[in-house]
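So that you can tell them apart, the chains are marked A, B, C and D in the order they are listed, and the count of residues begins at 1 in each.
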Amino acid sequence: MSEETGFQTMGRASGGGEIQPIGVGMLGYAFMGKAHSNAFKKLSYMAWPPPLMPRLVAIAGRDEAAVSEAARRYGYERAVTDWHELVSDPEIELFDNGGPNNLHAEPTVLAAEAGKHVVCEKPLGRDAAESYEIWQRVEKTGVVALCAFNYRFVPANRLARMLIESGQLGEIHHFRGRYLQEWGTTDAGVWRFDKSLAGSGALGDLGAHVIDLARYLLGDEIATVSGVTATFKPGREVDDAFEAAVQFEGGTVGTIEASRFAPGRKNSFQWEINGSKGSLAFDMERMNELYISEGTSGFRTKLVSEADDPFWSWWWPHGHIIGWGDTFVHELTHVLAAIAGQDTIAPHGATFEDGYRAAEVCDAIVRSSENGRRERVEYRG
Amino acid sequence: MSEETGFQTMGRASGGGEIQPIGVGMLGYAFMGKAHSNAFKKLSYMAWPPPLMPRLVAIAGRDEAAVSEAARRYGYERAVTDWHELVSDPEIELFDNGGPNNLHAEPTVLAAEAGKHVVCEKPLGRDAAESYEIWQRVEKTGVVALCAFNYRFVPANRLARMLIESGQLGEIHHFRGRYLQEWGTTDAGVWRFDKSLAGSGALGDLGAHVIDLARYLLGDEIATVSGVTATFKPGREVDDAFEAAVQFEGGTVGTIEASRFAPGRKNSFQWEINGSKGSLAFDMERMNELYISEGTSGFRTKLVSEADDPFWSWWWPHGHIIGWGDTFVHELTHVLAAIAGQDTIAPHGATFEDGYRAAEVCDAIVRSSENGRRERVEYRG
Amino acid sequence: MSEETGFQTMGRASGGGEIQPIGVGMLGYAFMGKAHSNAFKKLSYMAWPPPLMPRLVAIAGRDEAAVSEAARRYGYERAVTDWHELVSDPEIELFDNGGPNNLHAEPTVLAAEAGKHVVCEKPLGRDAAESYEIWQRVEKTGVVALCAFNYRFVPANRLARMLIESGQLGEIHHFRGRYLQEWGTTDAGVWRFDKSLAGSGALGDLGAHVIDLARYLLGDEIATVSGVTATFKPGREVDDAFEAAVQFEGGTVGTIEASRFAPGRKNSFQWEINGSKGSLAFDMERMNELYISEGTSGFRTKLVSEADDPFWSWWWPHGHIIGWGDTFVHELTHVLAAIAGQDTIAPHGATFEDGYRAAEVCDAIVRSSENGRRERVEYRG
Amino acid sequence: MSEETGFQTMGRASGGGEIQPIGVGMLGYAFMGKAHSNAFKKLSYMAWPPPLMPRLVAIAGRDEAAVSEAARRYGYERAVTDWHELVSDPEIELFDNGGPNNLHAEPTVLAAEAGKHVVCEKPLGRDAAESYEIWQRVEKTGVVALCAFNYRFVPANRLARMLIESGQLGEIHHFRGRYLQEWGTTDAGVWRFDKSLAGSGALGDLGAHVIDLARYLLGDEIATVSGVTATFKPGREVDDAFEAAVQFEGGTVGTIEASRFAPGRKNSFQWEINGSKGSLAFDMERMNELYISEGTSGFRTKLVSEADDPFWSWWWPHGHIIGWGDTFVHELTHVLAAIAGQDTIAPHGATFEDGYRAAEVCDAIVRSSENGRRERVEYRG
């Protein structure tokens, strides 16, 4: 489908014409598979008219009974236990990778090389090298590719980016971001604690989100990191937390942190930005709210739900808040718009280069933790 | 479909069998039509396995182009401009009335009398007399009937009810509820400002929610009201706000209020309950949070999102909040479970009797405002 | 001391001259006696230069050992067990009545008739009749008289009044005030539970504050009340709580409430005001903060501590918050300025007429509770 | 005065005897001089009976008119323009140094060497070397010495320390502390921006507080720091902010930060501590509140004002909050109790060794910022 066709489809849709379908193949049916499947179904009528109409072709997973049940649940036409079947399926035009981190690279690259557009969950790869490889190989194929840093698609975060970009905050002096959860004490043998599967712990899982959002909000690159990682649970292979002081290319300084050992913090991705003309703050547990201090006036709670707030033309009367799952509705609609040629992944969606860059920062934190030095982040490409 | 069949279907579903379908007819495609349609689609996979599988048969609305577009958007098989067609449609087994208040009575009653289960948006009727009539006539048909007071289906509210019912708060001394919005200054000629269509203003629109939730949370009846209504906008037919002191049968005293003239309050339905052993508080703008003071310990913020919190087995890992729209997912799944014989509308869903009782309280507030007396609420039936 | 002298003293003080002293006599050494004594001592250097320099002449109380200890503690020159000695003491120019409610009338009136300026704690009398009598008799003497509604002297409340008076909130549609405490379950035989000593319970103790502050903030009078009082504790003589819907002369409607049975609320005097151009909100437990919504922008937290905020020229660099006790520093400095002729009690301080008017509203609530009618508040004088 | 005498005085005081006086000499009359003078006056009756009764003998400052006015305002018997006069004054038994940082060393040391007890504002010296020198020389004299880290004397902070010490939080995994202010954009030629007078900027002024409180709350030492300092204002000699990742000896990791460039943050000293059994959080702008998550229950707001909360036996009924200035009342009473032999400075007050240790951490941050390495903090002594 050419971009032009996509755009015309859009035009026809509002006029009542047919919305062109796009075949979707999903890898994974657990947490992310569920979140993305919900989003594809919900955007079909909520982000109306959608740029393309998702057709849920197939879903892949290793447990045959479970993946069959998932297919039935979400309405995929078929369930497969080998993801290669998704790659070879000509009816699949968009490959969505919600599998564990060790399954990000190969399926995503092969799908792209098979000409499918790709969405890949974060972190892109398990380290910078793997992420770079994914990016480079997918880049060559020319398909549309998004690294699913969904917090860019929180309306409050999009609004924050717009305010900063417009100059309303002036020169940015500080970025402080922390992503705190509390479930690290559990001993469940989940893949997130297995280094070969996950790559890292809180760093790649939570820290990558902080890093990506920092880059997105500021439109600036992290230049140096000075940090430590920590593992609290004896015998655990991956980090439970990290702490880092950071400098951005543009002179902003701050801290980035993440932990799975913060009791009372469920999914608390908080950030604060101080500029010469004002400040912004946010907490994902209250994701509909953006805290804005115009100059030194004190923070006001803006409930980001007005008709002209980002993404809100699709939703409810103002004040009727949306949820975490809805960030994926925004994100995958954005992908469809990019495929349809109505938009581009950058700057609002995370490209695979963005995914790679976040990985470089993560790696630099690991190096800094190991060698005790402030590490300059060197970006390739 | 008998209740027994429904229950067996449920059994089969978890075992992989077919989920029995139920034909749904929807009246209205705007705010409530959108919210209910979204819920029917989303519960089909999110509240998995659903008690019955909604089949969106037809949607009715007066504007032919708009209702056709709505049918296409939400996937209804057909669009009709005369709601009588829903009533006479044999494929429709559940009639969902999301129309304006003046269209609650006749369509709902006729649908029930045609043997269809019914969901009707609140307020049930435009006054107690109309509400009573709807209740009585539908009651006689024996169909399943729910009055869509969706705030009962906020997880935090369900949890609050459970805590109170368990005796954890002791004897309840106070209920204070206020529902504040800010859009009353607008001059849009919407039906909500037309007395013949809406019945009342903030009272039936917002106040009915406060009254119903008070009754639900406390499991007690409002005995007396002493109040005033107010209209701030010159020429407006309906009330913009009301204020009332209330006494419950069980001795609880408090206030209930609503206003469309509270700038800065978008959809702020707040309540606080004080008992002899502790207190609870809530604000719909932060609907995932319940504030709990155990004894005089001070309020803690419980993010109602643990796996064992109400409705959360269907959702995400804890801390990943849900939105306003999701209350309807809970509510309509509840209706389907009742139709399938797996549950009953009461006590967690609002019956038509509940709808009528809320209307009696509203009427008593109007009388009190007019005659300046504390009005005892007399419930019929 | 003439007003002119007072004013000249002020002038000399800033130039380095002597600050004219004023002899103070205090009735009561417990809660209010402590708060007022602290204020007189602290204003002497904090509200520098004070309009007059308090000289703590004598303190009265029934328990000889306790009052002697109090004199020693706060630096009163003498302790007396009979308050008549304060009235007859020529060195006392300002009589401060911090005794229980049953000791408000006679000592205050006699002190004024002896030519002393008077401060009397709230409620002025135990009911409207007694309050009227106090006001009338003191009015005739021409002394400076303040009813100690100290919450008028919270910087955030003063600022709120200024904002409303300036028209920044537009037309005021709503006032909601509630004063919640939690200690009503205790069985201590304190005078506050004895009807003959206290007059009423939560109504006069807490409700009078809400009523006075409503009148102060809005610059408007309460026209009608519709309410109920409640006593939860068996055998208690006074009310534990009350709930009322109110109408103001200017058209504002709202609720006023108070309770001593709200676990988790320590000293939570909250109010919210909605106007056509914005809203304000406040909670005494965070008394340094005023919540301001400019139009529908959402509430911002203004930390009322800037150099140009009310009373802050006397205090610390901004952000270094003050406490509840400091409201009395502001209040008693205001009294001294009035005595010194540099200011007048009204409108920022509560006059005895204000004390009487609050009592009329309290009485009307009692009548409404008893007779079940909306009571028009009739003010005498 | 011997410690024994002091103790006996205390005994007599509660029995009605005389409270032994102690002569106080104050250096500085501006921000800190005002705060300390207020505290000496207020503790005399509020922390009743005080361990010793402060007698304000003399105050020193360079501006003769200003210091004379200060003496008159606070009630010092004399004003002097040369601080050496305080050192040589035999009536001064306690020397309180509230002067700028460059005047901390010499006057404090000489006063101690003259046999006077000493209080010195933080930071103790302008760097670790100077702080070490002060500590060592004063240590030799045997006088009572306190470094005025007043935030240890916030009731909520004292309570937090008690909870942590009791093991209620389990093993401590994280400490995050940030001290944010907003006034760094001003160009006032105050001594705080002059390197020779202040030593450093946000680091010594705000960061030292964070460091000291971290050490106090955790009862643990900072082992390493990895950080950066930043100066945003062109031409400014001192740092405007710093950011650091830290490791404690006991394995806790976290961040410490401070900035004078955070619009909307007035005096926001926030910290959060996560342990294996729960979390605590705090913000100085709401200093009466401690946020406590017992396990993963979610944070409750404990209003630290109950009769059995730290320092609250001296204050008001619970819920009647205190202010920033009152932390000095607690702190200086603590000093008097130590002088009277009723208590010791450590562990609740900061000793000069504590002052030195904070300076070592500050210096390590400067070194880390300059050399790009994680710096191990080496403590002497």
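Operating definition for what follows: a contact is a pair of C-beta atoms (placed from the backbone, for glycine too) under 8 Å apart; a residue touches a chain by one contact, two chains touch by 3 or more.
These numbers were taken from a predicted model, which means no experiment stands behind them.
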Where subunit A and subunit D overlap in contact partners, by chain label: B, C
Per Cα centroids, the chain farthest from subunit D: B
Interface sides of subunit A and subunit B: same vs different residues, half threshold: same
Centroid spacing, where centroids are CA-atom means, of subunit A and subunit B in whole angstrom: 35
Centre distance in Å when subunit B and subunit D are each reduced to the mean of their C-alpha atoms: 55
Shared-contact residues (touching 2 or more other chains) in subunit B: 265-266, 293, 297-299, 303
Complex interface listing, subunit B residues touching subunit D: 292-293, 297-303
Subunit D-touching residues of subunit A, taken from the complex the two chains share: 171, 173-174, 176, 178, 180, 182, 185, 224, 226-228, 230, 232, 240-241, 243-247, 251, 253-255, 257, 259, 261-266, 272, 274-279, 293, 295-299, 368, 372-374
In the complex with subunit A, residue positions of subunit B that touch it: 16, 31, 34-35, 37-38, 41-42, 45-46, 48-49, 68-69, 72-75, 181, 183, 265-268, 285-288, 303, 305, 315-326
